[in-house]
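Okay, so chain A shows up in both of these, paired with chain B first and chain C after.
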Partner chain A sequence: MGDEAVFSRIKKQLGLGKQPNNSITTETDGPLSPNIDKVKERLNITFSECSDYVQREIVCGEDNDIKILVSYIEGLVDKKLLNQDVIRPILNYFSDTDRSGRAKSVYQLIKECIISNNEIHEIVNMSQAVYRIVSGDAVLFLNGSKIALTVGVKAPPGRQVDEPDTEVSIRGSREGFVENLSTNMVLIRKRIKNPNLKFEMIQLGTQTNTDICICYIKGIANDEIVNEVRRRVIKISSDAILDTGYIEQYITDNKLTLFPLVGNSEKCDKLVSKLLEGRVAILCDGTPYVLTVPYLFIESLQTADDYYDNAFFASFMRLLRLFALFISTMLPALYVALVSFHHAVIPFKLIITLAASRQGVPFSPFVEAILMIMAFELLREAGVRMPRTIGQALSIVGAIVLGEASVAAGIASNLMVIIVAITAICSFITPPLSRTIMYIRFILLIIANFFGFLGISLTVVVTLLHLCRLRSFGVPYMTPFSPLTASDLKDSFIMVPIWAMLTRPKALFEGETEDKAGIKRQEANRISEN
Partner chain B sequence: MKTNKLAIIFVLSILLAGCWDNTDLTDINIVTALGIDKDEDGKIIVTVQVVEPAAVPLTSSSNGGGAGQTKPVSVKSYKGETIYDALISMKSIVDKRLFLSTVQVLVLGERFCKDGINDALDYLHRNNQAEYLADVLVARGTSPEQILNIQADMDVISALYIKGTVENTAVRAKVERKMLIELFKEIKNKCRQITIGQITKLDGKTVKTEGTAVFRDGKLVGWLDQYQTRGYLFVADKVGNPVISFSAPESKISIEIIQSTGKKSVIFKNGEPARLSVQIRLEGNIGEYIGKEMLSKPEDIHKIEKMLSEEVKKEINMALNKAQKDYSSDIFGFGEYVHKYYPKYWKKAMDEWNDVFSRLPADIRVEAKIRHTGLIKSPMKKDE
Partner chain C sequence: MGKTRISGIQLFLLITGFLLGSRLIISPASESKTDGWLSILIAGAGGILLVTMYASIALLNPSRTLVEILRDRFGKIIGTIVAISYIWYFTHLAGLVFRDFGSFLVTTTYPRTPMEVIIAIFALTIIYAVNSGIEVMGRISEILVPIVPVLSLIIGASIVTTHDFTAFLPVLENGIKPVIKASLNLLAFPFGEAVVFLMIFPHLNKMKSLIKITTFSTLSVIGLFLYIFFRNIIILESHFLDQATFVPHLTSVLFPGLNLEPLFGVIMIIAGGIKIISAIYAAVMGLSQLIGAKDYRTFTTCIVAFSVILSIWVHENIFEVFNWAGNTWFYYSIPFQFIIPLILLFLSLIKKADPKPQDL
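This part shows the complex of A and B:
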């Protein structure tokens, strides 16, 4: 029963895309008037103070009886194309008086014989017309006709397809997504030449009317997950959707976790491989970042390069990343615990080195660690926000002057500088988790200062428990480890060669969606009540 | 409610069991060596060797001008009623808390050992800080204070220098390496008497670790020299790779033992122990051969094997004699054999076992094999 209800709601919502029922159009709602002057008047009211709105009236025919109003937004349409496909054919056709007296009506003539553009739609509603105009189509109103025509001559300004800055790979495609939705769709389609690749369009944002596209491969993606994605995306009610980041925050399973439960990528090849594994992608007009769900923990250790390279190297790199993850979360806390509590487990020669490096440092190891890590976080934030040209100077000041000077001044010990540096390096190795790690690092550091190894181990246990409880679109976050999915271990810490990966990830098909789990829980409750 | 209770339990378990002893590394004195002795009045003298990390040249931060001014190690002694008392009272002459987990060498004084160590080491066992892997040694003819006060020129931390010599000589079976944890086990073991390595002071810079201190019922009774120590270690099956040298007519031979297994047993007759039996199997390589005879034929090698087993036998005999006649102390652990195979007799004779042991004659069988002769077989000589 749940599915049908969901579907009917989806259909309704999908229909809404074509007749947006929202605030911009309330005063213009209603059927089109056949009188072109009335239409013009209403459009002028709707677009008053919109200096980018353009309308042109064409008057032609034997007795100047054919009146056409062309409306569009300047800059969103390709003027050359509009002239070539619409205006010039109409003027040419009707200037030749002999042809005008045919059997077909003027409306049909224009639609079927004159306009040379392929993308023509009929609309009967004023609000539709306004929506098409603001989306970048040209709309033709005909005097005496209740139906208007839209012509697809969109040419919004945008960026060229470029290599993404955030995800650099050594091998593999350099194409990254751009801000334009249709370009992104083309980039995916050209890699999967298959009609089973589906793009479902939805408009979100009551003010922005942003195009959102749910993309999946029918037959590979789990239908339950696709339904769940649709359900959650449609549920979003917001004024504006400016980036997929907005969507991510609405559709994530657990809104109070530090761990990312929705993946994002700028790389086309990466996204395509995720689609082929059975994941669902969510594209949004205006941003190059595409979301993928479900997103599992292990994905933050995977990179596109792994699959293009020899599995031996890739496996080693995976283990290295896991090690880096461990180091970047734990190292400062372990150091503080060792130096503050557990002197007895430090080897003899190391304890002398440690004690010598701590000599003369006025702060406790904890304060020292917090100071240095904060300095690093500040540097990083400054580096991200600053203009690129100044960045170089900043890194010199930060790395050399701060590090060296703080040791020379006796404020920090050599070893602490080394530890913070290693931690910083390691935190860049798993970018999806880097901010999560930063949080856990601070928590661990505080706990380590008060409770030593005991506190660290308890915190790690609690974190692992939390990880095992998390779900992304019904799929347990820690699969294939918990629950153990033996066949999915092939692509985890150790990776088998591509020719030996014979099955798709099983986890994506066994997971329960939220609905089902909820129903089960309800049933269980009912039984227990009886 | 349930989650609340769980949360309380969780928080309490951290708060109540958490590590309470937060001390910075700069607030402790790193003790590298500990010496324990007794004075004439029966008071305990505890000596500690404390390292000053910044003055140790092996660390990079010390290569400034400061290295010459402060000494890398300083030695302090203090008297007290017990070890614990002395260590705590010592706080009046040292600046920071004494941290004992870094102790590398524990040196016991002769007088302290003669009065018995069984009970006296209680503190080191009771305290959670003591380093169980510290090497224990007994100072012969000198006091622990003097041993720890040497200005070793091989290593700035003299404790490390002492530890290094113990490691060297233990491999060559000239001293028995005994860690604190092993000593604790032996103190509890009634079937075997305690032995501890011996340390002597040669001059202000050098120590020598050779020989063994023999205990009976926890009290120091005498010493074994380096050859007797080796014989003892052959029987106890604790030799590493000793080099055994002996001279035959017209030649001198040094053989490195590469493998040795020692088995000991007690032969019973009519329910009473009759003989001690020792079986040693060893394999060796010829390390050096100074002589004229050729070593090309198997018979030549057999001759050397025989000489080697005689030599080992001699050393074992010396050790056994010393332990039986002079000290009457079963340091070899024949008692363990009796305990294991004749438990009834052991229960009866446990207390006078050392005397029984001293009376028993011993059969010693040594099987020696030579495996390699090195790069050459026969000694170098001119072609004729």
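This part shows the complex of A and C:
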């Protein structure tokens, strides 16, 4: 699309086109040497100045002819497990001299009979070995063998599964994702006991080699979307992937938009429900936030609670959230437009109260609104950055003292304080959109100051046009409203009970195919032209 | 050019929004005073015939736009000349709607803002919308157009306290002549203007239901016009209807204790906006096909700018606009809305179009 071209041009101008490729693979590439001393030497060079690198040589057998090198990174490996599963069995076995001269080779013996761990892989390549070591496996090099063995003895994950702070739900599971990828995969698998649930692993980041996992349910997820996700994720070329936020910025359809085109969640049950709707999830090692695509506008108004509760209540809450969205975007702008341009619209009795409250306020409504909203945004940012206990105190101080004092000092009118307070409350109701709303609120406010209702209406129209232009992985962002998808309206502003939701979201299966057909046609045209 | 598709409901809403257009602020058939409803019915009947004619032309020349049809049927030279005049007509039409929009806002809400500024910021929105492509235009109409009847109904329902249900009597007080004149006017503005859609019909994804869609949207527009007429006359009575410049606006101001004027501005932006984007899209698309350009977006800005200048430059004041819309527009439109389409229909019926070589 157009912004893709813009983006690449910006990238080129900044000289960010290609990143230096100095990954670990370049120095250590090549097949494994059967000579264990050579291997040791190369590993020592690779891991020089790595104080956490540990290697142990085991020499055993009848004539001390069996030499095994065990390499691992301290802390990443559970030492107890390593001793119990690998080292002790080997020592025990070969100390018993009778059994050493069987038909099997030493390598096969170790692999098939001795090591009592289930996670064993063969590797033939030095770079693979190094990668396995840094990702937390123990690697066994055997003298005389071109194949090394990796044993999965990873240390247990850091944080326990916990209730997520960012998404609180009244009902439903309290399990949230953690930083450890395999734990997260377990959490998903526990809820979908089905071999069709697929986890595809990809390593990204030339420096970090972060594990990325694309997760979907085969047969439910649209294959074209899965392919597209795979294509876009593989295309990422970056030094480091530290969070799914990095991935999000690379794979989003429109890189120059304020609206979120990729969803993220910390809640397991929410993610599982999205997978079951046919969406694709992207997990990343080291972060509890999991991405879901395609992400549609309506998802910002949906919460997990909606589905667990009575549909009547849920529908009401959805409408309330829509109303809150409207209020938090428009209210200050509407107030400014009313007071500056459209006095006639205000009912007479209200205009008297309004005039009284604005008496003595030296600023225009616009300046007043900007001041108060800026104060609120500052308070919010401070509240987020502060330690939680101080943050609370800060917000109380901010709310009471600033509001009261600014009215008393004659900087803001009472009505303005009310309006900013309502706006602030409403902006917390739809968290995925809250920062987008902040932007639009300021834009609307400025335009309302110059053009009144006309400006507001036109800005809203332009925003809607922009929303209609957006696509998330080929699916139009505003589905099911436009294009109107009647069967998907069941889960929009009004929600039908869960037993009446008989079909999966249709939009996820049609948008992409349509788009793909278009691309194919274009290609056909191009070929025919040539 | 049929790469991008719009669905049936999107086309329905586009046509509905287009036909409502600026007629929502200039009361439909106000010339015939109390007999306006008769004019609306007559014009509506004619409108259905006209729109069906356009749809049949599109069906007889599958996946061709107006410009392509004209060049096919009239030959290259004459076809090109007629196509150019159509492009002019569409641009002029957009200019007139711009002018209606600007005059309305300057008269009612923004007396001290220069009309040029108001039209210009509106035009910026239009450029963005047209450049987004026909698919996005269809989608935005899905969100916005339903607001128009809803708001109209809300305005009507809030003012029922002051009414005189016998206001439209007596029937045919001034004879049949003004009724016919008003209905001819209403036929040319807005129903005949739907000739614009000959540029958009080929984008429809299911051509089979085209006539159903056009008829249905014309019918709903007639219904809404009737509703607006009766609302106005019941509330304002006939002498007011005659004197006010923007009748529906006056109606909306009457609500006791609260002014519904901004709602009216919203209606105007939506319906007028849909009308202008359709007309501009048709003009720009026609121009790009005429020249053989790959992307119509190149021309959008200059056509819109031209149309904005035209809108300000052509008429001195609002009364001239009304005079033009009331008296001249019908005669001006005859060749574009009636004669050429009739000839096209005739020619298309005689010889069926060959299927397009690369009908993709």
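Here, the second predicted complex is superposed on the first by the 491 of 530 C-alpha atoms of A that agree within 3 Å, B and C clash if a C-alpha of one lies under 4 Å from a C-alpha of the other, contacts with A are read in each partner's own complex, and residues count from 1 in each chain.
Everything below uses one rule, namely that contacts are C-beta pairs under 8 Å (C-beta built on N, C-alpha and C of every residue); 3 or more make two chains touch, one makes a residue touch a chain.
Predicted, not measured: the structure shown is a model, and the values here were computed from it.
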Superposition on chain A - do chain B and chain C clash or fit: clash
Which superposed partner A:481 touches (first chain B, second chain C, both, neither): second
A:218 touches, of chain B and chain C: first, second, both or neither? neither
Contacts of A:159 with chain B and chain C, given as first, second, both or neither: neither
Which of chain B and chain C A:88 touches, first, second, both or neither: neither
Which of chain B and chain C A:469 touches, first, second, both or neither: second
First (chain B), second (chain C), both or neither touched by A:348: both
First, second, both or neither for A:458, with chain B first and chain C second: both
Superposed model, chain C segment overlapping chain B, candidates 20-28, 56-64, 110-118 or 146-154: 110-118
Footprint overlap on chain A, comparing chain B with chain C: 341-342, 344, 348, 451-455, 458
For the chain A and chain B complex, residues of the former touching the latter: 337, 339-344, 348-349, 351-361, 364-365, 414, 449-455, 458
Footprint of chain A on chain C - complex, ascending: 3-5, 7, 9-10, 105, 109-110, 118, 121-122, 124-125, 128-129, 132, 136, 138-140, 142-144, 257-259, 261-262, 265-266, 269-270, 273, 358, 360
Partner chain A, residues of chain B touching it in the complex: 10, 13-14, 17-19, 21-26, 28, 30, 32, 51, 53-54, 56, 58-62, 99, 101-102, 104, 129, 131
Parts of chain A lying in touch with chain C, wherever the complex brings them together: 341-342, 344-348, 451-455, 457-458, 461-462, 464-465, 468-469, 476, 478, 481-484, 514, 518, 521-522, 524-525, 528
